[in-house]
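We call the chains A, B, C, D and E, going by the order they appear; numbering starts again at 1 in every chain.
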Amino acid sequence: MPELVGRDLECRRGGRVVFRDLSFALDAGAALIVTGPNGSGKSSLLKILAGLIRPSAGTLLRDGHPVEEDRAAYLRVICYLGHTDALKLVLTVQENLAFWNRTNDPARPAQALDVLGMAAFADLPARLLSAGQRRRLALARVLVSAAPMWILDEPTVGLDDQARQALSEVLAAHRAEGGSLVLSTHQAVDLPAAERLDLKAFAVEELPEMVW
Amino acid sequence: MTAFLGQVGRELRLALRQSADLAMVVLFFALVAALFPFAVGPEPNLLMRLAPGVIWVSALLSVLLSLERLFLADYEDGTLELLVIGPQPLELVVLAKTLAHWLTAALPLVAAAPVVSVLYNLSAEAAGWLMLALALGTPSLSLVGAVGAALALGARRGGVLIPIIVLPLYVPTLIFGVMASEAALAGLSAKPYLLFLGAILLLMLFVAPLAAAAGLRHSME
Amino acid sequence: MHRFANPGRFQRLADKILPWSAAGAVIALATGLYMGLIASPPDYQQGESVRIMYVHVPSAWMALFVYVVIALASASALIWRHPLADLTARAASPLGAAFALLTLVTGSLWGEPMWGTWWVWDARLTSMLVLFFLYLGHMALMNAFEDQARGYRAAAVLALVGVINVPIIKYSVEWWSTLHQPASVLRLGGPTIEASLLWPLAAMAVGFKLYFVTLLLLRIKSELAAARLRALQAAKIRAG
Amino acid sequence: MTAFLGQVGRELRLALRQSADLAMVVLFFALVAALFPFAVGPEPNLLMRLAPGVIWVSALLSVLLSLERLFLADYEDGTLELLVIGPQPLELVVLAKTLAHWLTAALPLVAAAPVVSVLYNLSAEAAGWLMLALALGTPSLSLVGAVGAALALGARRGGVLIPIIVLPLYVPTLIFGVMASEAALAGLSAKPYLLFLGAILLLMLFVAPLAAAAGLRHSME
Amino acid sequence: MPELVGRDLECRRGGRVVFRDLSFALDAGAALIVTGPNGSGKSSLLKILAGLIRPSAGTLLRDGHPVEEDRAAYLRVICYLGHTDALKLVLTVQENLAFWNRTNDPARPAQALDVLGMAAFADLPARLLSAGQRRRLALARVLVSAAPMWILDEPTVGLDDQARQALSEVLAAHRAEGGSLVLSTHQAVDLPAAERLDLKAFAVEELPEMVW
């Protein structure tokens, strides 16, 4: 039985329907790549999966049970990375990361930084980081989340080739451990045996109504 | 329970790390308080009578100034999203953040109040009562301020209502706080007013986290 | 610019000046204190408490003087971007604040016997209080940034804006107090100090100046060391 | 010139879209002003005597509250970068933003002053003079505040830092403003004080944009 | 004679030398693609070209004259797009754009929105835009800048294929009109006959010299 199932999901943002009748299934260790043009609802879908917004219709099932039944339990197993990096610019890199460390192992943050090639910046205030370095730090947060299900919204934005390489290795390792993965992107990503979900198929033709 | 304390501790650490060194808060407080004599003139006994009101307003102001950006920053940099879906109850996060804020932005004022009251020639004993009143009242200011800050996020598009809802909530605290100090100055018993302050604080301890958390969740839409 | 400004030259110069300024300070202060505390007679109306003046007045003058020093340093820092100017401003600011605070404390110690209260909103007292706040603001701003350079620039601009305002502040405060209260509340000695008080005062003033120069040089030297340390640490961090 | 007006117009539109902040300022003003009767008790003539000072301080503090927003939003969302390298001189941009700030954060207070002065049963005529003094003095507050806001950009804790560096510079404006109103109250001529306020304003009109623009440029580093 | 020349540029950020001895030349109608790993100094270089920060050494020449000689004139001919979109979220799309319109033609903003497929959102508050839509709006600002020299820092971030297509057409048109172009990116961009500048070559390994 698939770990996460979305059934006939519909999403409204600002009074307008973004997508409708969207269904998908995700097994443990599997990866789902969400694609689609700008504004097709990738981030919205991921926010629904992350529990940030509720679908206007349809249900989200985890192990066969509606997520709403035990929201807290569901939120514990997921880790969400949005468009924003959620960094405190006045804190140093490791301070930023330590705050999000959900593993009981205080050494993990340092390892995560190392994996993403950020070890050298551990003591730098995040304000001094370049765009890509900030994204790397945001990704490091995911590594220390200890969550089996990752929900990543355009994780590769601003990353250089080397970092993108490191990321795909990380993702592979995560899946090898039985972790599952949903990510949205506009770029080509090499995820072996990943399912694709193109939101163009679920778009609703409808001009956005004026929002006051 | 340990999770509770751990969470609070981490929130505290972050808030403390972000907040200014206490010296700055105190300095700000002293500056505002030192401003009034220029406005009302230097007569010592008039100033003495104004002292409680002045000190309370200064405290209120520093709470307002420092609390407003607490959630706003998290909202803009995306941290709030993560806190909302984070493992621990949002009410707890709010409470922890507010507590941290009080420790960093309000408690120093309580400590500095005696120094300032020298400028106003307050008697040591009157200053003591003033400190007590502040210690009881400022937490309510922080809590109510947290609600305001949270609601303001949801209403980015300009709900004029928010301040109209929040600021009046300050009035009781302010008035009872001032009156307590007044009574102490006049040699009367400040107890009844202090009791009122305590009651307000208990109420706010219960209401504010719920309201603020709701506001934060609402701001996610 | 800072590749032409070389720390070494400053170090040598400072090391030359330091012994003289230090010695001078000690001598001047010693004579001043001796003349003030022992040789001179108590004031006929203020009694022994008048002796506080020998600390109080010179520190008051220094408090004003140091702010001007900072303003000049800031101007040159902004115009020529000379790092020494930044360091001077940084080193001088706490000293000025200390002088202002000393004025306030000795003043209120003086005020206690004089008018039976620690604080009176007299023009001089008040404007010195404001100056004290100006100093603290300058220090706070200078230390509020991760990268020092930013703090230097901001503080320099603030110091210049401040020095434009200082006379306005002093003037407005004077007007304010004279309008509100009869000037009789506090008769500062002012020009009507007789010679027996004047000489020790002058000695103390000279002593304070030299003392300031000495401390300033020492602080700049330590700031240099600190900056070097910061740079090396930064290097270590970035080099990984 | 059109660019200048465009800037002002945009700032105004932004402020109005976030009208919550506007309401906050006015309400805070009213709250502080309304508080002091509680502090000093109801003697009418004492209150009347205090009125100018209290109203001035309240106005000053409310302006203070709104200062941080002046440049911070532009700094964080990248607009400031574009303004710094934009075609019109940065000093003009600063002036425009400050003007907008005054129109949205200070002018409402000037308008609200008569209402508040009813609380202190000021004569209509005295209230008029008070408004005049405020109208002449508050622009200086905005200008000086702009300098503080610009210098504090990117600082660890702007919220408290700005008041710390700005308040001492507010003293002369406050003093002359209050004295003008008091003189009017006492039936004397307020002109000399108003002239001083005007002089300070002129000076600041010249100094503040330069200083603030310098601060903004430095914040790009 | 090339329009813009950088000679022996050195850049310090936070007391550390990011790159040094960097030289380049850009003719009218030419394009320069700046590449390099995260933190190699792409954004810093573009900020120098945009006049936001000053190089710690070296000079920038326009038509043979140091830019510092007439900074205002230089700033008038450039348009800079950074990592941030510089949008006011409470203003509508067209309000945002209208403010930056430097062409004397009030119709241009609408055209720019149309070119980038944002016409339908003109009256939506920017708050409601998706990440890519925001980036498109930021790009529209460049189209109405009427500046002959564009300096774009990772313009394609978050854009979908269609938008990226539209962008490269826009860039081609800009160059056809004799406009020049500097852009940094981590992705492949199709700019015919564009020069490349890889910052890896100018990285500084040795420890930074003592800074006061």
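Here are some notes:
We adopt the following convention: contacts are C-beta pairs under 8 Å (C-beta built on N, C-alpha and C of every residue); 3 or more make two chains touch, one makes a residue touch a chain.
Being a predicted model, the structure only gives us computed values, none of them experimental.
Compared with subunit B, the chain whose C-alpha mean position is the greatest distance off is E. At the far end from subunit A, in terms of centres built from Cα atoms, lies C. The chain pair with more C-beta contacts between its two chains, of A-B and C-D, is C-D. One finds 48 Å separating the Cα centroids of subunit C and subunit E.
Chain geometry summary: the mean Cα position of subunit A and that of subunit E are 29 Å apart.
Subunit A and subunit D have CA centres that are 45 Å apart. One simple way to say how far apart two chains are is to compare their mean CA positions; for subunit D and subunit E this gives 37 Å.
In subunit A, the residues that reach two or more other chains under the touch definition are 83, 90, 127-128. Listed for subunit B are residues 18, 24, 27, 31, 38, 41, 76, 156-158, each touching two or more other chains. For subunit C, residues that reach two or more other chains under the stated contact definition are 133, 136-137, 140, 146-147, 149, 173, 176, 238-239.
In the complex of the two chains, the subunit C residues touching subunit A come out as 146-147, 237-240. Looking at the complex, you find that subunit A touches subunit B at residues 50-53, 72, 75-76, 78, 80, 82-91, 95, 99-100, 102, 212. Looking at the complex, you find that subunit D touches subunit C at residues 144, 147, 151-152, 154-157, 161, 164-165, 167-169, 171-172, 175-176, 179, 196, 200, 203, 207-208, 211, 214-215, 218-219, 221.
The part of subunit B that touches subunit A in the complex is made up of residues 10, 13-14, 17-18, 73, 76-79, 81-82, 84-87, 157, 220-221. Those residues of subunit A whose C-beta lies close enough to touch subunit C in the complex are 90, 119-125, 127-128.
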